[in-house]
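First chain written, first letter: the chains are A, B, C and D, and each begins at residue 1.
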Amino acid sequence: MTIEKIVLESFSKQGFMKHLGAKIISIDEGLVKVSCIKSDNLTQQNGFFHAGVITTIADAACGYAALTTMPIGSDVLSIEFKTNLMKPAISENLIAIGKVIKSGRTLVFCEAKIMDEKEETIFATFQGTMICKQPT
Amino acid sequence: MTIEKIVLESFSKQGFMKHLGAKIISIDEGLVKVSCIKSDNLTQQNGFFHAGVITTIADAACGYAALTTMPIGSDVLSIEFKTNLMKPAISENLIAIGKVIKSGRTLVFCEAKIMDEKEETIFATFQGTMICKQPT
Amino acid sequence: MTIEKIVLESFSKQGFMKHLGAKIISIDEGLVKVSCIKSDNLTQQNGFFHAGVITTIADAACGYAALTTMPIGSDVLSIEFKTNLMKPAISENLIAIGKVIKSGRTLVFCEAKIMDEKEETIFATFQGTMICKQPT
Amino acid sequence: MTIEKIVLESFSKQGFMKHLGAKIISIDEGLVKVSCIKSDNLTQQNGFFHAGVITTIADAACGYAALTTMPIGSDVLSIEFKTNLMKPAISENLIAIGKVIKSGRTLVFCEAKIMDEKEETIFATFQGTMICKQPT
């Protein structure tokens, strides 16, 4: 199975991604993009994308970016992440670009930018550590 | 309007809370609890609560805990938060307990624990900084 | 060798602790306190304890708290931490109280409070993940 | 007074920078570099640069990068930061490159990379939020 298929299969098992309407829009080694279309289901009290949505798609993008660097058959779990919210996320389509910064045997450190659909404005940044659950 | 009403009104405007099925279960000064019932819509790939759900309800609990310490008419926004995920969140009902640690004029620092419905097991901790948008 | 001796021996190898004048003031399982006396060598531009000093002694307190929960012969390394600075650290003696929140086989998650010498005022909170390098 | 002079003057008041032997090596708008030469005073238990040193010079680089974007006469304070440590910091001269990502009226969000003297290897990344204390 190609790494693309592995990522898509795991992603499809995340009920929460479906519930958000989130989609993987690209998969490269160490670099995954996830997007999410604007909807009244995803807002905070002012009608912007909720910080929870921003963080969720960033976590998914980073988790799967990490998975592309792990041995086939591994599973990936987040152990910690931080989000810095810089401006209201007003966009028709939110994009999280997750990138592996350092891939170790056990831990993979990733960063994401969360941007508008043109990838011009950064709404938030995200940094997280992912752990590799090796195939048994 | 009482602070309870203010919190509930703002919470009801968050489309994302409705979409998660999240509810505020208690409101005290500097302490708010938010819960979320298990559903296939809220899972990651192993069927546990998604880290994004954990973070979202922790952010809501902390944001509204912060709001209870702000002048009437203020709005609250998250500027940054971090989540540490300690164990798989397996529970019928996830509870986030958000607490104000330091309330300043502009910034309010909060922490949350995310636990099972009996408040016995901590799945994750969350720390965040909220900003007060004062009434104009 | 008792865990106390192990902690003190490792601490004594940290040149930076000596340079700060930091001392371990108590060692219990999962709970270590480190203190640091006020000095002009440890200030930021307004004469308060530097955020770097606050973070350093919190990291040491948490790292050694983590070490007390690891197998004898392990070494401990920080993989990530966050500090939230709540008020100017004005104190004759700064105390970091590091506590293990969750001890796993590989990762140990800890939190610290950084306080004045009477342990009355919290200046900052710290959360960090430590990794256990097992004896070879 | 030029922004360079303002930064250097504030830096010179930080007793802790002197104690580390840290120096500002460049100042541009929104971009400041701080370096620190290897010494037995700055080590953790294995002889690497201590995580506290890494964080301290990153905090200084980001704080002063932030200050270059603030109104003349402002003071800068860190409100929160996170460090992710990716590999042992083994270098003759540690460099922290602090960069402003988003400069607001009150808050400035910055990131730093902490690298070897050739700026080839990243040892750690740092993200922090700085607050502007406006001239009174």
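List of remarks:
Basically, a residue touches a chain if its C-beta (ideal position, glycine included) is under 8 Å from a C-beta of that chain, and two chains touch if they have at least 3 such contacts.
Because the structure is predicted, anything quoted here is derived from the model rather than measured.
Between A-D and C-D, more C-beta contact pairs are found at C-D. Distance between chain C and chain D, defined via averaged C-alpha coordinates, is recorded as 21 Å. Centre-to-centre separation of chain A and chain D, using mean CA positions: 29 Å. Looking at chain C, residues 79-80, 82, 84, 129 sit in touch with two or more other chains. Viewed as a network of touching protein chains, the structure reduces to a complete graph with every chain in contact with every other. Listed in rising order, the residues of chain A touching chain C in the complex are 79-80, 82, 106-107, 129, 131. Interface residues of chain D, counted against chain C in their complex, comprise 10-11, 13-16, 18-19, 39-46, 50-53, 55-57, 59-60, 75, 77-85. Those residues of chain C that touch chain B in the complex are listed here as 82, 84, 86-87, 101-102, 109, 111, 122, 125, 127, 129.
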